[in-house]
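Look at the two complexes coming up: chain A is in both, with chain B in one and chain C in the other.
Right, the complex of A and B next:
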């Protein structure tokens, strides 16, 4: 495998997505969940730009990425705000413990 | 002109529905008035539309490539059904003025009734199959809302849900058939399907034909989907009249009649239609023999009369089925509304507690007997002519053994009709019930329907001309009423059928003399389980709820497991893609 710039970016994307998925699989702390979710989304954004470059539509890829950045900032803000409220109300940030949904 | 009328016929009830809803429940008088005005206006518009019937679309709105064109085609089949739906519907609304007086949720009631009527007219007028399906589903939802109208009564809620689920099976059938027709034809237009049916691949056409048969059977409460209609009796009586005579169940007959020319030559289709009609007619009239609930008897009689219509279509006579539909609409609405005023008066539906009502409610007794005799097929009344026509045309076009079953059904009909009259109005008083006579709105609706029961058979000539001149794909013979009368009166089969009716009456008379009208013997348990179909329904419901209960284990609500699921799903998709690329 040659280390062309494209391959390096691709490896970066895979690494970010892998860290994100792994984090989501094992994390129980709500703040950490928001953090790993951000890592995952950053990987996805990089992938968008990469896909734009590879298909010759760099502008499209970048503008989509910019849109996702805006959306995921909102996700982060709401998620952290929720975390603050959850901490106040339940006294814990452990996700399984705050699950009141009765199946 | 026709375009404006079509819009009016569909939108007047819907605007009325909104108006009643906006009028709020604090003003019941205004709500009654608005509902009556809008429904009567729609009825007038639909009667005017009868004169403007044409086989060409009068409204065409392009909706882009996905939905095709929204067209409305007021041809003979559509305008006659529209007129039935709105005229009977408006009479039911007038009847409701008295029946529903004092109800606290009139807004909901009238909204659903008017919305129902509008949807039914849209269903029959639409020339686009996809929109037929939309209207079809609206009628299903409205019927659910009205059957469960008394939503603090668990039986009413259960009946509504049952009706909704079973008619949804039909809805799925209609949608499946529609989509297959679209893939084969590239168009949702009904006229395209009728024109190009022979060019379609045989398998696609057969699929469409049988899907539509399932849809029609579920909607018209035919075998094997007949069990919802008797349970729909928890609805207020005017709603039962609406469902049984004006809207809802007619939609299934409409669907079969509409597409008969396209499916006529599909192998096995006509035989299936014949069988569905015959089995429904027979099962339902057997059930009506032992039922003790007045409205249930009427419900079974509807299933059986619809069976006769389906049977007529199966034996190739769309005209006979539509003629019976017209006549049935009048006498069945009359019966339901008369039964409604009896029930409204005495406060029970149980015929075991009624009896000896004849002197107490003379007007209602008279009109009820008129309707019941029409149902039994007694001469001069409208039910006689259309039922005889069906039996006459099917004599040549259906297997003899099915025809014999239908003749047996005629005798059974006479029996249970007479039993019903006897139990409600004659014999001894069996229970001290409180009576009050019917008021003027009730009497008005009943009187018009009673006159209709005497006279609608005279419309045969007009109906045949209307259908023949505007349905290019149906092969309908024009015949005048006089020709019908001479043909039927000179046919030996007619007299034979009359003898069967007389035998049915006579047997019932003998049993009534001996007060043996309740015990059903071996029949009662069979009917209570609705010939085994109830357990089939229960089995399906149990299967669905058990599997849902099992699947609940996958809903842990835990984040990490859900992520695991997402990750697994992603891997699966990637593997499928990879295999696809290789």
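Right, the complex of A and C next:
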């Protein structure tokens, strides 16, 4: 494998996604879960732009990345609002503790 | 030279991402997240996606981080970090497997160059994907309405307290 700029970017995207997945597995704080999702989405956005550049259609890659940014922002905003309400109601942000499903 | 630049940007982003995950304080993690956004924006700009880089920097590094700081100020920066439910060695193995599979499927695609004709962002967004733009606008409005409903102090109707 040669270390061309595109290969380096792809390596970085995969590493960023890996760190994000690790964070999703080990994080229990609700606000930090939203943060880890942000890290994952950054990897996805970079991958979309890279795919657009490799296919010679950077405009399409950028437009899909813009869509992902909008959706990601909405997810973050709603997730944070939910975290605030969960903290007010349950007094904790620990995800396993707020799970009331039994059986 | 460009490879080194990209490598340095990504090394920084990955370092900050790891620090954001292991950080005990949420506020520190928020600052690390802003640093990741700045570095990813630089990568996007170097890739030629200037518009998306600006969006990433302004929306994600700006708006989302402000919202995170607001959420921290509301809930308090007690930022307990309880031990993970998943054992860390198992998490490392799972993530390693995911990374290997991603690399195995993605790296062959980098060497495949196919020309489909270049379009600008304006054409792609406002002509080819105009329906997506309308959906995004609807999504933004629904998100704003959802947040207003969630952050309202009074809940109509049932106000039963949670009994653990």
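Assume the second predicted complex is superposed on the first by the 100 of 103 C-alpha atoms of A that agree within 3 Å, B and C clash if a C-alpha of one lies under 4 Å from a C-alpha of the other, contacts with A are read in each partner's own complex, and residues count from 1 in each chain.
Just so it is clear, contacts are C-beta pairs under 8 Å (C-beta built on N, C-alpha and C of every residue); 3 or more make two chains touch, one makes a residue touch a chain.
Quantities reported herein were computed from a predicted structural model and do not represent experimental measurements.
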Check: Put the two structures on top of each other at chain A: do chain B and chain C fit, or clash?
Finding: fit
Check: Given the touch rule stated above, what does A:28 touch, chain B (first), chain C (second), both, or neither?
Finding: both
Check: Touch check for A:69: first (chain B), second (chain C), both, or neither?
Finding: second
Next item on the list: Have a look and say if chain B or chain C is in touch with more residues of chain A.
Entry: C
Next item on the list: Please indicate which partner A:61 is in contact with in the superposed arrangement: first for chain B, second for chain C, both, or neither.
Entry: second
Notebook entry, point to check: Once the shared chain is lined up, is A:96 touching chain B (first), chain C (second), both, or neither of them?
Noted result: both
Item checked: Minimum C-alpha separation between chain B and chain C after superposing on chain A, in Å -> 6
Note to self: By the touch definition above, which chain A residues appear in both interfaces, chain B in one complex and chain C in the other?
What the structure shows: 21, 25-28, 96
Note to self: Show me the residue ranges of chain C that touch chain A in the complex, using the header's touch definition.
What the structure shows: 2-3, 6-7, 9-10, 13-14, 17-18, 20-21, 26, 29-30, 33, 36-37, 40, 43-44, 47-49, 51-52, 55-56, 59-60, 63-64, 67-68, 70-72, 74-75, 79-82, 84-86, 88, 91-92, 94-96, 98-99, 102-103, 106-107, 109-110, 112-125, 128-129, 132, 136, 139-140, 142-143, 146-147, 150-151, 161-162, 164
Next item on the list: Would you tell me which residues of chain A are touching chain B in their complex?
Entry: 21, 24-28, 33, 95-96, 99, 101, 103
Item checked: chain B - residues contacting chain A, complex -> 552, 555-560, 563-564, 567
Item checked: Partner chain C, residues of chain A touching it in the complex -> 1, 3-23, 25-29, 31-32, 34-36, 38-39, 42, 45-46, 49-67, 69-74, 76-78, 80-85, 87, 89-90, 93-94, 96, 100
